[in-house]
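Shared between the two complexes below is subunit A, which pairs with subunit B and subunit C, respectively.
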Partner chain A sequence: MALVPGLIKGLGVTGGTLLRTVFPDGWKKPIPNPVKGAETVQYPHEKEAPPPRARGVIALHEENCTACMLCARECPDWCIYIEGHKEKAPPRRAGGKPRQVNALDRFDIDYALCMYCGICVEVCPFEALFWSPEYEFSEPRIADLLHDKSRLAEWMETVPDFEAYEAGAETKVKKVPPT
Partner chain B sequence: MIDATILLGELAYWQQTSLRVVGGLAAVLLIAGTLVYLHLFKLVSFMQSRLGPMEAGPFGSLQLLAEVGKFLQKEDLVPRKADRFVFLAAPFVVLVSTFLLVVVVPWGPDAWFVDSDIGIYLAMAVSSVSVIGILMAGWGSASKYSLLGGLRATGQLIAYELPLILAVIGVVIQAGTMNMQLIVTAQADGAIFGWDGIGNPYILTQGVGFLLFMIAMQAELTQTPFDMPIAESELVTGYMTEYSGMRFLLFFIGEFATAGVFSAIAAVLFLGGWYVPGIDSDDNILNVIGPLVMLTKVVGLTFLVFWFRFTFPRFREDQLQKLAWKVLIPVALANIVATGILKVAF
Partner chain C sequence: MTAISDREKLSYIAAQAADARLNLELETEGMTLNLGPQHPATHGTLRIIAKLDGEQVISAEPVMGYMHRGYEKLAEVRTYPQVTALVNRIDWVGSFANEVPFILAAEKLMEVEAPPRAQWIRTALFEMSRVANISLFLGDMALQLGATTPAFFAFRDREHVLNQIEAVTGGRFHPNFDRIGGLKDDLPAGWITETKRAMRKMRQFCDEMEQLVLGNEIFAARSRGIGVIPADIGLSYGLSGANIRSSGVDWDTRRDNPCGLVHSELDWKVWTHPDGDSFARFWVRLQEVRESTKMIDQLLDGLPSGPIMAKVPRIIKVPAGEAYVETENPLGVMGYYVISKGDLVPYRVKIRSASFSNISIAPWLLKGVYVPDIITILASLYFILGDIDR
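Here is the complex of A and B:
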């Protein structure tokens, strides 16, 4: 019998949620309107704006990529495919020797394999990979989930701007020399 | 429902029988469908602040057809080492028990399937048939989860059948009959301290019995506080583990239809059945209103069942058995003694 108050309290919790969901306007306007009362966002009909730093999909800033393959090697399920070639670039200072740089031919991420761990974003030493809050990139065919660098670059536009560190924080030293 | 006295006089036996079959199917399947949509799809969603199915039909009302269609398309798998006949027959045995239960429930003064003098006794007897079906499913599946689930279900159903039956005995003593139809009229003709405005629904005098009946019913239906037999976190789905497609659907229909039929029996025993206060209890209009009144009461009672189901976590096996043997059965026996003494005294 000592359990009875707890049992009634429990019934009160679910019953209260039921009433709040079905009658969101309270007792003054008792019209059942669960669409308004429920927390549910009916996704294809109405869209929920994800937080700006949501980890939806990985975007590529192609100019920063040096095809160093670090991301591909750290990827736990090997879903990043990189191909590149070496080419000569004009010397940085007048009279210098032409530089040798890696040019990116192919940068594909297979989102059917990707598990969104974000290790590639973390290991990238040249700030070429970013999290984008974009989340609508499903495809009818699983093979079409292999997205190439042009698609990854499109998502770059949705990446939010970098916010300044708070005062006194250790600032990050840019590793990429300005070109 | 159609006036059965006319039917008895004018229709041939096969016509009466086929009408009864159609009526029984409607009573079982319509109630099961209503309960699944209202309670399983919508009520639980609202209790968790979500909407439930919304896409198939207005407010997801055709979702049920989609689900049935899905189950019918699935392959009917039988495990290689299963006892084939027992495995395949088990869901039908469970469903037969449900159909036998609905037979004795009266839906109006003339709207009944069988007007039997042992009505409630028959109902309590055939409700035990489902135990055999469940044990068949558990044993025939040749799976340890199924066997454990089947054994747990058997232990639980046998334990809770006693308080269920003992709770009914109080009503039977007070009404002086086991005929479900006469129990309804006894409540309709009764009076509360001389005031007969609403008759005398036995929930007022047999409140303890009603509580016992509802708790035991919850356990008989293996709904959640008592769902040890299908405890999904340890036994997958207990005795239903190996079933797929059509046969799983039969178990599913059986579960919800039995919930409805047990609620209908509770409505007859404790809430006055099809009787509407203010209308003469053999008025012909009650054959039309009666089923609707019963349906309302069934939905109300199953609301309680599912409210409990969606609120509380599962009992442990020993707590479950203790509740039956140490609490419910002694209380039920005391209720019978008290009812008997008061019946003789007044």
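Here is the complex of A and C:
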């Protein structure tokens, strides 16, 4: 069996890739710059931006939450813990009856259990939960992965606006409430 | 594409027979070799007990179930949207394709049909998961035969497809994007042009692989004529997908039994190979990746406009009944048999996954081969351990 032509062709492919990586600007500017030509990035110094839809971490917009427990019930591994109580609030118009509102005491998401399926965000009828593409929240202790409502509210700042849709879409673009 | 000659086949069989004779004369003692269960190169755990006589395998038995997660039982206590999130994890390399047959079965029971735009996007994502899955195989099989470079190329170019899947679904590996009656969301602006660029990159990757791996004489020497599956034996073991198409059986569920996906409106070809050996399985899969990228281009060009969600109630209760839907997943035919009693949760879900049937031919196929060929054959059968054990 002739061992030459296929092997040399293969070496040509790898050699071409090597040249393209080391000299990303082509032969007009033959300055070696493998950092630019490489497909990978040097992670802690340089970060890739995930797309706006990426499911990184869940942010809570506390004003919208009514402690209805829908998200906690629909969660496939039950990693959301909610406690709330009812409160009397001053009436909207003068002379009216005092309103009853649901106040949130506790809203915890255990990210050690969460499987990032997004069902809670989807079922929320009051638009209180949002996905943020932020991903750097690892902790040395597993107990610290339980984010309470103040920590979840902090993520609200990182929630990007919803993108416009591709042509031909009839779905309405949703809005993120200002924090 | 050249079929192996009868002379090559006969010389391999003659060498096997000569070795067997020698072993008999020398009265060599047998040896049991355990491959696995843990091995750094596998993602998942499969154990193969191979009884050897010299360099030849007398019998080989795959032991599976180390990663059994009980999906069929778990699905009985989860609502339909929750099951969708769960079944992503069966074949984690092409995970969107796992959701599709389940959703189609549930839609069949509910008698709803997704709007055309949803069906087209669904088919495009289905094919993209095939590209992401099989391009990994192309690198992985070459890696198992000792070539490291193709694996790096595969991971490099697969990332473009995964980025596009993430841009539309939000998850690289576990999209959870399919819903009963449509899709969760529409495509973001600019996605179509980006995806077409990614598909061009994948076609370049296929060309590179053709030169790097298929043209390589060492690869050909190690895979041609190794692990030949005749068509009738393959069918009797329940093989499906590229494994049976590489034995010359022209059978593709996407073309022959379309249900809910729009493959019939596209211009594409089912690739087969007459040989049935490891080389043929690699060759057929390589052509399939290229065909899928062309299909995705057509799907994105002809995308109809309209809504992406049919009218379904917010709380999904599936009426009583039974439905079985199978689709041509990256690994082969995958089917879901869903029985509903009109409840929030399915009464019973039977999952027919392709890898389980594909690995079942291993004892027959590994009998009489040499030890290094075990790796070639197992790599070319291409199974995902999560798909075997479920």
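Following the convention adopted for this analysis, the second predicted complex is superposed on the first by the 122 of 179 C-alpha atoms of A that agree within 3 Å, B and C clash if a C-alpha of one lies under 4 Å from a C-alpha of the other, contacts with A are read in each partner's own complex, and residues count from 1 in each chain.
Going forward, a residue touches a chain if its C-beta (ideal position, glycine included) is under 8 Å from a C-beta of that chain, and two chains touch if they have at least 3 such contacts.
Given the structure is predicted, the values throughout are model-derived calculations rather than measurements.
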Between subunit B (first) and subunit C (second), which, if any, makes contact with A:117: first, second, both or neither? second
Touch check for A:46: first (subunit B), second (subunit C), both, or neither? neither
Classify the contacts of A:136 with the two partner chains as first (subunit B alone), second (subunit C alone), both, or neither. neither
Pick one for A:161: touches subunit B only (first), subunit C only (second), both, or neither. neither
Among the partners subunit B and subunit C, which is in contact with a greater number of residues of subunit A? C
For A:14, select first, second, both or neither according to whether it touches subunit B, subunit C, the two together, or no partner. both
Using the superposition on chain A as set up above, list the residues of subunit A that contact both subunit B and subunit C. 7, 10, 13-14, 17, 39
Please name which positions on subunit B make contact with subunit A in the complex. 43, 45-51, 54, 307-308, 310-312
In the complex with subunit B, residue positions of subunit A that touch it: 7, 10-11, 13-15, 17-18, 20-22, 34-35, 37-40, 42
Which stretch or stretches of subunit A touch subunit C in the complex? 1-3, 5-7, 9-10, 12-14, 17, 39, 50-55, 74, 76, 115-119, 122, 131, 163-171
In the complex, the residues of subunit C that touch subunit A are 78-79, 81-82, 85-86, 117, 149, 153, 156, 159, 163, 166-171, 174, 176, 184-192, 208, 211-213, 215-218, 220-221, 303-309
